[in-house]
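I've put the structures underneath this note.
The same chain A turns up in both complexes below, where it pairs with chain B and then with chain C.
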Partner chain A sequence: MKRSILMFCLALTSLASCSSTDDSDKNTSDGFDRTALLTYTADQRIIPIFKDLQAELTLLESTRAAFENNPNSAQLEQLSAAWLSAYKVWQHLQMYNLGQAATTSLDAERGFRTYFNRYPVDQQRIEELVAAGDYDFEAIPTYNAQGFPGLDFLLHGTSTGDAQAIDKFTSNTLAANYQQYLKNLVAHMQQVNTRLLNDWQNEYRATFINNTQNGQDGSFNQMANDFVFFYEKGFRAEKFGIPAGVFSNQPLPDRVEGLYKKDVSKDLALAALDAIENAFNGKAYQQETEGPAFKQYLEFLDRNDLVQSINQQFEDSREAINQLDDNFYLQVQNNNSQMTQTYDVIQAAVPKLKVDMKQALDFSIDYQDSDGD
Partner chain B sequence: MRNSLSSYLQQQTSAAPLAVFRIGFGLMMFYSILRFAFKGWIEQLYIAPQFYFPYYGFEWIKPLGTYTYLLFALCGLSAFLVAIGYKYRLTILVFFLSFSYIELMDKTNYLNHYYFISVLSFLMLFLPANAYFSVDAYQRKYHYPKIPRWTIDSIKLLLGMVYFYAGLAKINSDWLLKAMPLKIWLPSKYDLPLIGESLMHKEWFHYAMSWSGMLYDLAIPFLLLYRKTRWLAFILVLVFHIFTRVLFPIGMFPYIMIVSTLIFFDAQLHEKILNGFRRFTRAFKNKTKALSYPLHTSVKQKISYSILVVFFAWQLLFPWRYLLYPGELFWTEEGYRFSWRVMLMEKAGYAQFKIVNPQTQESFYVDNTRFLTPRQEKQMSFQPDFILDYAHFLGDYYKAKGMPAVEVYVDCFVALNGRLSKRYIDPKLNLYPIKDTFKHKDWILPLDDEIKGL
Partner chain C sequence: MKKIICSVFIAAGLFTSCSSDDDNGTNTPLNPTPDVYQFERNGKSSVSYGGQTDRLMMGAELGSALKDPANTQAVLEGMFTNTGNHFENEALNSSSKNIRSKTAASKDYFAANTTESNVYKADFDTWIANQVNEVFSNWNTTASPGVAGKIEEAGGKVRYVNAKGLEYDQAFMKGLIGALVTDQILNNYLSPAVLDEADNREQNDNELLATDKNYTTMEHKWDEAFGYLYGTDNAANPQLGADSFLNKYLGKVDEDEDFSGIADSIYNAFIAGRAAIVNKDYELRDQQVAIIREKISMLIGIRAVYYLQAAKESLGTDPAAAFHDLSEAYGFIYSLRFTRIPGTETPYLSDVEVRDILSELTKNNGFWDVTPATLDQTANAIASKFSFTLEQAATN
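== the complex of A and B ==
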C-alpha cells in the first residue's frame, strides 16, 4: 500500500516534469483577467450608459413640461427630438439585462426593457388607460402601453377621432388625461432608470465584478448570453426579421420599431448596431478607447480569425442597413426583398456569435441543467 | 483448446466479489433514479417536450405520459431489489427492460454511460449475482460460496473493453496534437480553487491532460488485472474520476466506475466489505447451507454461453462500424454513438428551418423554441439524424395544419473543436422527402479537414 502511494507520487511528478518541458505557448503569464473585464464593462460602459440615459430622460421631462405649458406643434417637435435622442441611447443599454434589471418587471424574458422598449404597443389599450385615468405602469395590463414605443404613439400617433397627433393634447375631450398619461409615463421611466442606476452604483457593481465564477450565474456568462440574445432577438428578429415577415407568411410592417414616427427605424437600428459593435470591441461609452471585452478575450485565446470574421459581419450589416429607407414601414411595403436580404446579412453573424464565439469562450447558452458524458 | 475452454468454464472462485458488485450496482442505480426524479428531470425531459427524437428502428418507444413516472418507479424499485438480491433473475430483467426503455425514449439524452448501464445489466441477466449474501439465498436457505470464475471475468472484460475503446477513440489528431477539446474546456474552469487560475489555461496542461487521459484509458484495464499494480491502478481510477467529476457535469458516472472497478480485487477485500454489511443485517442471521455450485452443463447454460459469445463479439465489433462510412466521423457522426467515444468533441450548431409552400413559393422560418426544449434544440442543431427527424416533424406538422404541400429546408452551421463554423447541409435541399436509413447521408456537406487517427 505504502509502496503504491509512493509509486503514484513518482508517476505524478514524472508526468509533471516531462510535460513542463513543452511549455512553449504564449500564455505563460496569468490567465485572462475576468475581474478586469467585468470592472471595465461596469465602469466604462454600463454605468456611463445608465447615466447618459438618466440625463436624456431628464431632458425629455423638461421638454415635456414645456410642452404641457405650451402645447403647440413647435414644442411637440422638440419633445419628439428629445424622445429620439433618448431612444437611441436606450439602444446601448438594452443588452445589459443584468442584476435588478432582469427582475424589475414580471416579464422574465424582457426584464427592464418591458418599461422601455416593448413593441408594438396596443393603441386601443393606451386609449382605454387614458380614458380610465387609473393605471399602474408596473402592472401587466400596461406592459404593451408604455416605454419609448408608448411615447412614440403619444407624440406621433393619431388617437381615435382625432385628425393629427397633437390633437390628443389639445382638442381631444380627454386632453388633460393624455397630458397626465404622458407625464406619468416619462416619470415612470425616470423612476425605473434611477432605481437601476442607484443599484449599480451602490450595490450591484461589487456583486457583478466579484461574481467571476464560471457557472450559468457567473457575471461573464450572463453578460455574454444577454449580448447574444440582444443580437439575435432584439436586433435581428425584432428590428428586421419580424417586420419583413421571415417568421410568418406575410410581411408585418406594423411591427417596425418607431412605428408612429416611421422615419426613425433605420436610425434606431444603426444605433443598436453601434451598441453591439462597441460592446464586442470593448469601446468605452462615448469614447475612443478600448478595454477588455469579447474581442480581447478571443484574441487572448488566439482567435483573431474569429474576431475579424465577426467584425466583418458587423460591417456587412451596416452597409446593407445603410441601403435601406429611413422608414422601415415603407421599406417593407415597397421593397421587402431588400429587407429580407438585409436580414440574411445580419443573420450570418448569428452562428459566429452563438456557435463559434460561444465555443471559443466556452460560456453556456442558457440550457437546461442535466448530466453530460 | 476445447479442453482448456471447458476447464476454464469449470473453474470456480469466491462469490463475494460478484455479491459486492450486485449490491454496489443496485444501490447506485437506485440512487441515480431518485436523483433523476428529485432534480425534476422526468418532467423536464420526458413529460414537457412536445416531440421526442426516436432511435432508428425504435420509433415505437415513446414516453408514456404520466405513466412515465411509474416506469421510473419500477426501474428504481427493481434496482433496489437487485441490490438486496430479492428475486434477482426477475428484478434484474425488469431493471434492464425499464432502464433501456427509458434511454430509448429520446436520443437527445443519449449518454455513453447510460448505454453502459444497459449493456451491463444485460450481462448481469446471465450471472448468478444472488448466489451469495442475498435475500434469495436467505429465503431458500442455501447459498453458493463459490461460483464459476467466468462470471466475474465477464464483468472485468466488459469494463476493460469500455476503458480500452475509450482510449483507442482518443488516438486522433484533434485530441493528441491539438489538445482539443480540452483546450476549450479547461480554461473556462478558471474558478476552481488553486488550479483554476494557475493551471487551467496553460497549454502544456491541456496536452498533458489529453495524453495522460488517453494513456490512462488504454492502460487501466491491464493495471487493474495485474495484482502488483492493482492498488496503484485503483488510486489512478479514483484520481481520474474524481478529477473529471470536479471539471465536468457528468453526474453519477465517476462513482459508478469507481465502485465497478472494485470487482478486480481479491475476494478478501470483498469479504471485508460484506462484513461491514453484515453488521447491519445481523438481525437476519440465519443458517443458510453452503452448497457447491452445480457444474453440469444444461441446455439452458449452453444457450447462455452462446448468447454471451454473440454479445461480446457484438461489443467488440460494433464500435468499428464507422469504418464503413465515408466522411469524417466527428463531422457526420455516422457510427459515433454506442462506441465509447467520450468527451471527444466540442461541437455546436445553429439550425434555422424554412418552411416553403411550393405552390405559392411563400416561405417562413421556424422558431425552434416553439417545438423543442433548449436541450433538444442544442442536440438537434449539429447531429444529422436529429435534423432529419425534426424536418419530418415540421413537415408533418404544417401538413396537418392544412398546407397542401410542404417543403422543409435548413440552413445549418456547425463548429467542431475550435474550427470556424461551416455550413453543414445544403440549404437548397428539401429534407422532407428524404428517408433516414443506415446508409451514408450524402447530403451532409464535407468538413474539408482531416482528423487523423482511429
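== the complex of A and C ==
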C-alpha cells in the first residue's frame, strides 16, 4: 500500500516536470508514422518535381537550340515561354533544400537554389563574364549571374549599348559569346538537376526515409525547417517584403522576382503559394490525391483547428495576391501600400507555422529572422 | 503522514522540473538576483546592448540638428536613416544601425502590420521635411495664427513653431520615445515572440551561447530591451537624465512624489527578469515583463497629462511657453499608441484615439485656438485609461 502511494507520487512528480528539454536524439513518441510521411514526400512530391523540372529544362534546352539556329523574335518568345514554364515548376522545388542540394553550392543558406533562383542578378557581372568568355557556374563570381534570374536578363533585359533584348544575340559584337553563355547556363542547370535527381533516386531517398530521428538532423526536422524557411524568406520576404521596402528605408522595385520580364512576378508568387499549400496538405505532385504531410500530422494530433487556420491564411494570401498587378515592379512604385497590405496578410501565417505548428509537431527552427541589435 | 510524504515528492519534482540539468540528476543552484544590472559568465560580462546605445546617441544628434536651420532636409533624413555620414560622432556614421528602421517596427505590433508601420515612419519623414520647408524657411519671421516662425517665451527663450504653433522637433523627439524606445522595449524585445523565438528557450535551458558570444540569444534580447532605456546611462547605478528620451523622463516622473519609486521598480524588474532568464524561470521573467510594460506605459501617460496641464496654466499669459508644453504633449500623446497593457496585445490608447486627440488639438489654427476646456478634457480622457489621476500627473 505504501509502495503504491509512493509510485503514485513519483508518477505525479514526473508529470509535473517540464517536457521542453527532450533529448534531441530520441525518436518521436507521439505515435505518428514519420517514415510513411517521409516516404510519401520523397515518392509523390520531391522526386516527381525533380523529374518535372528535368523535363522542363530539356524543353528549355531544345527551344534554346532552335533560337540559336534562328535568333528571331518569334523564337525568343518561345524561349521566354519555356523559361517561364520551367521557372514555375522550380517554385515547387525550392523548399526541398535537402541532402546534396543543401551542400551543392558554397552559399550555405541557399544551397542548390544558388544555381536556380538567386536574385537580383548582377547585370554588369553577366556582361563581364560574357565578354571574358571564361566562367565556371559553380564558382562564387558567377553566383549572381545565373539560374532563372540570369536567363531572365538574357531573354528580356537589354545589354549595355543595345536597343532591345534580342540585340545581344544578333547585332551585339559579343553575340556569339552571349549565345554561348546562354547555352552553358542552361546546360549547367540541367547538370545540377540531373545530379540531384540521380542522387535522390539512387542514394538519398533511402537515407532520407530512414532518418526518422527527432533531432535537428532528422529528415522531418530538416524538411519542416526548409518549409517554414521557404515560406518566411523565399516567399514572404523575397517576393513581397524586400521589394516593398519592409526591411529597408524605401521600396526596392528592382528586387522583384522576374525583374526583366516584369509582368510575371505575380505568376511566380502564385506558383510558390500553390507549392506551399500543396506541401502543407500533402498533395501528390500534379495530382489531386493527398497523403501524409503537415496537415495529416496535425490532424493526427487533434489540431484540426490549426490546419484550418493555416489553410485559411493561405486562402487570404491568395486573395490578396490576386488583387495585385501582374507586374510587381510597377505595383511597388504605383501603390506600395497594397503591396505591404499583402505582405501583412502573408506575415500573419508565420507565427502559426513557426510557433504553433513547430510546437505541435515538435521540430526545431534552426534560424532566426530578426537582425537583433 | 502519507499526505506529507506525497507533497514532499511533488515539491521535489517541481524544483527539478524545467531546469536544464534534469538528465544528470543534480540540482543546479539558483543564481542569486544581483542588486545591479551586472551579469557574468566565465568571469566576463554577458551583457551587451551597443546597438541601442548607438541609436540613442544618433537620436541625440538628430535632436540638435533639427534645431539648426543650416541643415538641409537631406542631411536630417540622412541622420534618420544613417546614410551619408552626417553624424559628428564618427563611430555613429560607421555603425550598421539606424533609427528609422526601428521606428514603429516591433514584432508584436508591426510584423504583420507593415502598412501601418509605414504610416508612422512617414509621419517622422514629414516632420523632418516640414521642419525644413516651413520652419527653417521662416526662421526670422514672427509666428502668428496661420504663420510659422519664431515666438518668444516670457523668460526670453525663443521657440520655432509651424503655422499651428507646433514645434516639429518636439513632435519628432517625443514621438520617438514611443515609436522607437517604448515600442522596441515593450513590444519587441520583451515580447515572448522575440525572447522565445525559434529555439531560444531550448538554447537558454542548455546554455548554448550565440555564435562567438558570451550570452544566450534570450539573454541578449533582454539586454537589448534594457539598452533602450539605460544605454547611455550607468547600468550599475543609473543616474537618469542621461538622454533626451525615456531615461530622462523616467527621472522626471520619479521626482514627482506621487510616483517616487517608479524608477527603482523598473530597474529592479529589469534585473529580476534577466536573473530569471539565467535561472531558466520564464514565468518569473514574464512577471517582470508585465511590471515593465505597465510602468513604462504609465510614464508616457503621466507626461502627456503633465504637459497638457502645464500648458493650461500659461496659455493666456505666455503662449510661447504654452506652445512648447503642447508640443511636448503632442509627442507624448503620439507615443501612447506604442504603450502596452500587460496581458494584452493592445496599447492604452489606440491609433484612432490618438489621432482623434491630435487632430482636435491641431484643428483650425491649432495651439493658437485651443481652449483650457479642451486641454482638461483631453488630459482627463488620457488619465482615465490609467491608474493615476489627473491631479497626480499635473504636479511635478
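The rule we apply is simple: the second predicted complex is superposed on the first by the 336 of 373 C-alpha atoms of A that agree within 3 Å, B and C clash if a C-alpha of one lies under 4 Å from a C-alpha of the other, contacts with A are read in each partner's own complex, and residues count from 1 in each chain.
Quick note on the criterion: a residue touches a chain if its C-beta (ideal position, glycine included) is under 8 Å from a C-beta of that chain, and two chains touch if they have at least 3 such contacts.
What you are looking at is a predicted structure, and each value in this text was computed from that prediction instead of being measured.
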**Message:** Taking the superposition on A as described, I'd like to know which of chain B and chain C A:S337 touches: first, second, both or neither.
**Reply:** second
**Request:** May I ask you to decide whether A:Q213 touches chain B, chain C, both, or neither, giving the answer as first, second, both or neither?
**Result:** first
**Request:** Mind working out whether A:V350 is in touch with chain B, chain C, both or neither, as first, second, both or neither?
**Result:** both
**Request:** Determine, for the superposed model, which of the two partners chain B and chain C contacts more residues of chain A.
**Result:** B
**Asked** After lining up the shared chain so the two structures overlap, which partner does A:Q359 touch, if you call chain B first and chain C second: first, second, both or neither?
**Response** first
**Message:** Touch test for A:E288: chain B only (first), chain C only (second), both, or neither?
**Reply:** neither
**Request:** For A:D134, decide between first (touching chain B), second (touching chain C), both and neither.
**Result:** neither
**Request:** Applying the touch criterion given at the start, work out whether A:A244 contacts chain B, chain C, both or neither, answering first, second, both or neither.
**Result:** second
**Request:** Please identify the positions on chain A that touch both chain B and chain C, taking each partner from its own complex.
**Result:** 5, 8, 16, 20, 23, 241, 245-249, 347, 350-351, 354-355, 365-370, 372-373
**Fill in**
Within their complex, chain B touches chain A through residues 39, 41, 44-45, 109, 111-113, 184-185, 187-191, 197, 200-205, 207-208, 211-212, 229, 231-232, 235-236, 239, 248-253, 342-343, 346, 348-350, 352, 362, 364-367, 373-375, 378, 413-415, 418, 420-421
**Complete:** Interface with chain B, chain A side, in the complex: residues 1, 4-5, 7-8, 11, 15-16, 19-20, 22-25, 27-28, 30-32, 34, 212-215, 218, 241, 245-249, 301, 305-306, 309, 347, 350-352, 354-356, 358-363, 365-373
**Fill in**
Counting only contacts in the complex, chain C reaches chain A at residues 2, 5-6, 9-10, 12-14, 16-18, 20, 22-23, 49-52, 81, 83, 97-98, 100-101, 107, 111-115, 118, 193-194, 197-199, 201-202, 205-206, 217, 220-221, 224
**Message:** Could you list, by residue number, the parts of chain A that touch chain C in their complex?
**Reply:** 2, 5-6, 8-10, 12-14, 16-18, 20-21, 23, 241, 244-249, 336-337, 340-341, 343-345, 347-348, 350-351, 354-355, 364-370, 372-373
